[in-house]
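Listed next: structures, encoded as structure tokens.
Across the two complexes that follow, chain A remains constant while its partner is chain B and subsequently chain C.
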Partner chain A sequence: MSFNAKIKAEILKTLIEVTSPLVSEVKLNIGKDGISLRAVDPAHVAMVDLQLNKEAFEEYQADEMELGIDIDRLNAIMRLSSTGDIVSLEYDEKNNRLIVKVGNLTRKMALIDTAGMPDPKMPTLDLPGKVILKASEITKGVKASESISDHLALIVTDDAFEVFAEGDTDIVNLKLPKDSLVELESDGKYKSLFSIDYLNNMIKPLKGDIPITIKVGNDNPTRVEFDIAESKGHVIYLLAPRIESE
Partner chain B sequence: MQSTSLCALCRGTKYLCGKSRCPVLVRYYSQEKIKPLLNKLLIEGASPPSVFIGRQGYPKVSIGPLIPPVMGDTSFIDTPEQWINHSLDEIVDFRSMLIRGTHTVNIYDVESPDRIVQLTRELALSKNSVFTEAFFQKKPRGRIVFSDEVQPYGPSAPIKKFDISNPKYDHRIEKAFYDTDLKARDAVLTLYENGVEVSKIQRAFSVGAFGTKKYRRFVPTRWSITAVDSNIGEYLMSQTKTAEWINEYRVYYLNQYDNRWIILMIPYAWQYELIEAWYPNTTWNPYGSNIAIFNSYEFYNGRKTYAEIGGCYYAARLAVNETLTRERRQAAAVVMREAHPGYILPIGVWNVRESVRKALSSEPYRFDTIGEALDIVRQKMDIPVERWIKNSAVLKNLLQQKRLEDFLRIT
Partner chain C sequence: MVKYQGRAKSFLDWGERIVMIKQDGTILIHQPILREPANWQPSGSKITFTIDGEYLILNSINSNPVEKMKVYFRSISFILVTALRDRAKILVSGMENDLVNYILFNPDCIEEGFRIKKREKSVRSGSIDLFGYDKNHIPVVIEVKRGLANINAVHQLRMYVKDIKKDREDVNVRGILCAPRIPDMVKNLLTDYGLEWREIEYPTVLPDDHQKTLEEFSEKNVTTIL
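Our next item is the complex of A and B:
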């Protein structure tokens, strides 16, 4: 069993950023064509699904296997890397370790037994409202809302996308008409409420103006997708809604 | 305190302030009992042992012993773990006997050759009551001090000379004291694991008995209480958070000192909240005409800022995690406290820790649904359950937040 790869530090950091808010341990599925992971947070509210093609790596050579990673440990060494560094990853089968090298720095990281780690199922969802927009726009909407409420509404209509939050005294509304969106597909109005805590974790890895896809239904989870690693990787994020009750 | 004119009109007879007993009189009677002590420059007695580190003037704070004018085994007077079955009046009575000697030092001067510093530290590490005599520069003054965080204590005076007989050390605390490479947090956790009472750890912590050598310092009593509660709680939480969820909804109930406590445990990932409702005319809502409700909470990933609600948040969190760790279970916990007018004086954060511990040692109501659990809240508390929910981040989140598996279709 072997796994030998070299990857840009910032791509590995993105993987950590996407995963660490939800779980502290994750199972990496190593395949011939790349790696993937899927994780659900302890409260079963959010799911992240990440694919990284082998083209996203500088070098890649692997057999099929599973690696149980303690994300805090991986993060501890990745924090010491800089943009532009190449990180080398090597599976040490004999000692069941992952050898992580950043420049002259080496960490031989103990792996976690993957036997007890779950394989979460991805729900199939019917989410008729779909928009594609710049990442910076959704970030703006979430940031503006967090000071007044703990939840916000994502709304897709046939001619706009809206973020709406209502606090005790204040209201925040971000309205993006169709022509300021990359794409909009909707046959009516769809609205669901989401926890801002979770949305904040989700938007953290989003950088600059990369296009992100958001799908919304009525009182249904939202599905958010975006590319990473110059389109050689992909992230799907699912977040269960909050239901307003009186 | 009440406005003076109201008290002058009432004079302890009409309860115009709305409390069920007159706090002025409770203080007065306690004060009367200690009056004979106040006229002397010398006090002799068996310190439980007990010390007090003030916070005013930090980093120059006043340290010193608390000494009652009685001999023998007085350890009970400074062991809040043993007080919960005693009345408010009794607690005020025995605590008000404690005369506080003060001596101003810099918090960094824990190793000072100053004799008062040395003896204060020795006293704090002792496991038994220690004969103590103190000569004051002037006669003890002041009233009984009540606060939300620290247990009450009596009048104080600056110390001129101070002596104690041979203290016996608790060997567990002594070991941590002499280990100057052991971090304070690890010392606290080890002692707790070895069964040392939280109040004893807090006392030693306040005199800088733990930690790597260069980081040792005096810690104001009220800060050390919360530091210890918070650190132990966090440690237990790290175990709680990976345990299996409980498999039912539980409601624990206790009425203590006219505080009604409910601890609601929910089969869910760890979350915690303390909600306190203060009736008008209770300690922390003296002027209001409405019930004041405050809350602090954390979700699974914890919080990074100090709880708005203060030290009691961490005291109750410790008690909750003790129960969950013992059972090796995880739950979301909401602690609700309804403080009614019979709670006339604040007696310290120990009351929160011990009340929640006591409530959790009783047999809970167990249910399969959140609705049935909330019905108990409805029965036991005066404040409507809807208002509790409205003021609760955790309950709102649990009742409104869906899970992903709610959307898994069976195909």
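Our next item is the complex of A and C:
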């Protein structure tokens, strides 16, 4: 079995950024057409599903297999890489290692047994409120709310998308009317509350003005989707809601 | 002035106090300092008021054990009457059980390959917190303390290890004391007895009952499909 690939450092860093807040170990599903992973945090509050097509790689050649990756170890070497670096990944079957090369630096990383690692199922959710907006807008809303509360509401109505947070003394409200959104689809008002800690982790890999899709229901999880690696990869993020305190 | 008769007898002379009567009959009589009340009556005590000359008397009787308290008032500077609404229960983290659970779900914090076989295993001298086997299949007894481990914990562990050795006619039994902090004196004693220790820091996290999990929504979907 073989896996040989070259990828831009920043794409691999995005993969780490998306995954590491939720889990310390992850199973990479290596396929002929690319790689994918799905992880749920230990509290079962958030799920991330990431696809990276082989076109996102500079070079890609692989058989179907699973690699158990210790994210912290991969991160340790990726921290030493710079934007623009090309990272080479090679599976060493004999020693069950992943050989990671960044420039002249090589790390032969021991792999983790994937036998005990879970295959989380993605729940099918009915989320009737849908918006597409610029990533920078949601980042602004979460950052503004973070200083006053530990949770915020995502609200989709038939003519706007809102982020609303209420602290002990202050209120933050980001209201984006339909014409400032890329897209809005909603037949009424949908509202759910979410933990800002989790949202913060989710928005970290969002860069600039890439479009992101947010789906909201009433007291239901939210489903956030965005492209990575110049649309050659895709991330789906599910986050369970908080319930209103009495 | 407070007179009490029950498990003991007490008399508290005149003074300025705060008397708190809770909705369940609990009474607390606080002096100006210290955390503990000077006198108190438990939940479920029956309360009546009487007037004796110039004094107002609060009578409280608890039935099991029989405890009678009389609180004499000669002047009242301030009365607050309110019905509190509060359905919350206090959640406490950082108890011994939390550390036992932590080890149960993270057996690698003891050592690699450690497997837990039983929690609360009864032996002659008591109950072993955690019992398991190391990677060489040697029995391991684990005693857990939530705070600073003391000498008593060492003796407790020693007795448990002895019991297991007797039961299994096995000379090779390991004993490990686990606590967030273990003083050097205790470590030395453990070494003398051929026992081991692990200092384990564990996260004290309070359950957050406002946060839902994704599983709750997966289940809902399963039932709607069915």
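The definition used in the following text is that the second predicted complex is superposed on the first by the 245 of 246 C-alpha atoms of A that agree within 3 Å, B and C clash if a C-alpha of one lies under 4 Å from a C-alpha of the other, contacts with A are read in each partner's own complex, and residues count from 1 in each chain.
We take it that contacts are C-beta pairs under 8 Å (C-beta built on N, C-alpha and C of every residue); 3 or more make two chains touch, one makes a residue touch a chain.
Please read all numbers here as calculations on a predicted model, not as lab measurements.
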Would you mind checking whether chain B and chain C clash or fit side by side on chain A after the superposition? clash
Between chain B and chain C, whom does A:Asn104 touch in the aligned arrangement: first, second, both, or neither? neither
After lining up the shared chain so the two structures overlap, which partner does A:Thr169 touch, if you call chain B first and chain C second: first, second, both or neither? neither
Any idea whether chain B or chain C touches more of chain A? B
In the superposed arrangement, which partner chain does A:Thr83 touch: chain B (first), chain C (second), both, or neither? neither
Considering 42-50, 96-104, 114-122 or 132-140, which region of chain C has C-alpha atoms that clash with chain B after the structures are aligned on chain A? 96-104
Residues of chain A that lie at the interface with chain B and also at the interface with chain C: 40, 43-47, 121, 123-125, 151, 195, 220-221, 238, 240-243, 245
Spell out the part of chain A that touches chain B in their complex, as residue ranges. 21, 40-47, 120-121, 123-125, 150-151, 193, 195, 197, 219-221, 238, 240-245
For chain C, which residues are in contact with chain A within the complex? 210-218, 221
Contact residues on chain A for chain C in the complex? 40, 43-47, 121, 123-125, 151, 195, 220-221, 238, 240-243, 245
Per the touch rule, the chain B residues reaching chain A in their complex are 241, 268-271, 299-301, 393, 396-397, 399-409, 411
